[in-house]
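We call the chains A, B and C, going by the order they appear; numbering starts again at 1 in every chain.
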Amino acid sequence: MTAIDSERATEGRRAFADVMTFPAPEAPGPTDAALLDFVFAEVWQRPGLSRRDRRFVTLPCVAAADAEAPLRDHVYAALNSGDVTITEMRETVLHFAVYSGWPKASRFNMTVDEQWERIQSERGQAVPEPDPLLPLVTPSDPEDRLLTGEQAFRDVNCVPYVPTRDNPYSGAGILNFVFGEMWLRPGLGMKERRLVTVACVAFQDAPYPILSHVYAALKSRDVSFDEMDELALHFAAYYGCAKATTLNDEIGRQKERVLDEWRTEASQ
Amino acid sequence: MTAIDSERATEGRRAFADVMTFPAPEAPGPTDAALLDFVFAEVWQRPGLSRRDRRFVTLPCVAAADAEAPLRDHVYAALNSGDVTITEMRETVLHFAVYSGWPKASRFNMTVDEQWERIQSERGQAVPEPDPLLPLVTPSDPEDRLLTGEQAFRDVNCVPYVPTRDNPYSGAGILNFVFGEMWLRPGLGMKERRLVTVACVAFQDAPYPILSHVYAALKSRDVSFDEMDELALHFAAYYGCAKATTLNDEIGRQKERVLDEWRTEASQ
Amino acid sequence: MTAIDSERATEGRRAFADVMTFPAPEAPGPTDAALLDFVFAEVWQRPGLSRRDRRFVTLPCVAAADAEAPLRDHVYAALNSGDVTITEMRETVLHFAVYSGWPKASRFNMTVDEQWERIQSERGQAVPEPDPLLPLVTPSDPEDRLLTGEQAFRDVNCVPYVPTRDNPYSGAGILNFVFGEMWLRPGLGMKERRLVTVACVAFQDAPYPILSHVYAALKSRDVSFDEMDELALHFAAYYGCAKATTLNDEIGRQKERVLDEWRTEASQ
């Protein structure tokens, strides 16, 4: 092993420990070596997206990948580092459930409970009472919820239109619950919801949602162009370069579109 | 907690117990609460698709999601409620294997065995002998199987053409086995196969199969327009709104297409 | 840009052109840069697995990821380089269909047709006639097919037992078609089928199939220990480090198990 190789290996182990809050495993094979050398020492260290922001890309990816050990380790690291609060983590699970389905979210949810208890136990603390669900911040009256959902749909998606109420998916699902309730819950910031959403639509590889959520994240200025580029690279590390290519291509197109719109708006 | 909120929480637990045949878990976090309040008290209770029909959308979704606990619980609930017979369940596993790949189906198959034994044990009954595989109802002769497969391909897909035999995927696979054998097996009705198939192509998000199977389910009148709309909402709950958007958009297009064809046929 | 960075960028573009048989795109963002620098200049160039072998890991990954452009480009590159014959490619589609579901395979199959025609057209050649499907090499009689499937199940999986016939999934599916027909088709070698299968079970992340197919690939000596390690790294590049961690952990366990068995066998 050359001096450079040895230095890279040391740097990889240091980077892993910094992100994960526990020591890197011994890494005899090429996959572990690449994980330390490329994913931890390179991707996680890049300046374009903060370590905290990268958590909100990593968590949905490891939850979707059904990778039990990485899910457990990244939930632990996000909470143990203090980068993500337990309230934010629980909202991330709910947001993930909506974009990736309840079944996968159920494991994520159980893992959060386990790791939260583990952290309290390691610190000799009692597990705090969870935040009470009620009262909800969104209206109960069905008509009011739909009106609220329609406004949130426009605001979040940066579009002037709303889908029809009179369709179970877009009415009872999208307007009534996803935008009429879920996106409006306090406890997770808009930027963080954007990061989670783009990661989710990217691994779900649903063409129109990728387009619309990349667009809205950029257009709203919640995620900058450089941050979005970093999101694509981070996603490539956690969900592979094949899906990341699709995401990256769409990011290129949406950057052009948003720039065009901003130019038009500025000239009016 | 207001009276209305308390009523909704009670309703969610009641709905869960009704669908799942066992009591709802205590629900401290936002994900569990939303599961009870939205998925069980709202989606499952909607009139457009029967509880039994919803099983055939839910089962492939939880099997595909690699969600161990939800898969176990939904297999148990479908059998324990009497909504789905063991013969139907086992055919659902085979149909799922073909449309989602054998690896994921292997866990589904093991889970069915386990839960079926558990139910018999809870009832103090012996596990009945399984149905024998042989004789198959489809022809053994390769040429006859292909002819049978070609006819079934036309009938199931509501199209006048067949794919080429001289291609391993479409010949050895699609004509010889998928349509020459699997779709023709007794033990699972055509409507149920439609529901399972549309759910599978929706999470696989393969554009042409979504188009063709939504079209055929509607065109054949095996699934009504309203039922298909409900299927999209139910799918959104179990596989997330990202993929459901793609499905729902395609449903919109295929309803138009089928209506046009029915109008043309009526005027001839 | 330092001299080292410039050298790495040139090397990345050279490596891309070598693998893909066409020039690398301009790479303005971090994801494209990492693709050239890490995936092409590093992973594809590693000695432990041949370029041809890496095709059989890449193809199922890009097909599963629904990544339209990467799928098209990798099908083209595999055929255009001469690394993979059209017969092998078509068998890969069928094998992929079985292990990942027919819906995703339908796009793969269409892409193979398109790219094969494109290559012939670029070369000014007519598209050759496809291989005829019939006669099949496997028996037609249902009982004979099951016996053949049972033997192939034992041989491929390196186990002494077979699953029950009297279950639609394991009887009509696994024994009758997957092992009684598909694995026995000529036109794709056993090592290549192992590579495709391990990639498929890894992105499907079905725990027992990962275990059993990694074990059988190693135990049969169709894939060496070092090749399997490289497969995990290549898979990490194309399907992300989250799922690759699960695969890699299982590889570690199955290497131990196979070594133990070989030691026991040697001492008898």
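We adopt the following convention: contacts are C-beta pairs under 8 Å (C-beta built on N, C-alpha and C of every residue); 3 or more make two chains touch, one makes a residue touch a chain.
Everything numeric here is computed off the predicted structure, so don't read it as measured data.
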item	value
Shortest contact path, chain A to chain C, counted in steps	1
Interface composition of copies chain B and chain C: same or different, split at half	same
Separation of chain B from chain C, taking each centre as the mean of its C-alpha atoms, in whole Å	28
Interface hub residues of chain B, defined as touching at least two other chains	66, 205
In the complex, chain A residues that touch chain C	29-32, 34-35, 38-39, 43, 46, 48, 61-62, 65-71, 205, 229-230, 232-233, 236-246, 248-249, 251-252
Chain B-touching residues of chain C, taken from the complex the two chains share	66, 90-91, 93-94, 97-110, 129-136, 140-143, 146, 164-174, 176-178, 181-182, 185, 187, 200-201, 204-210
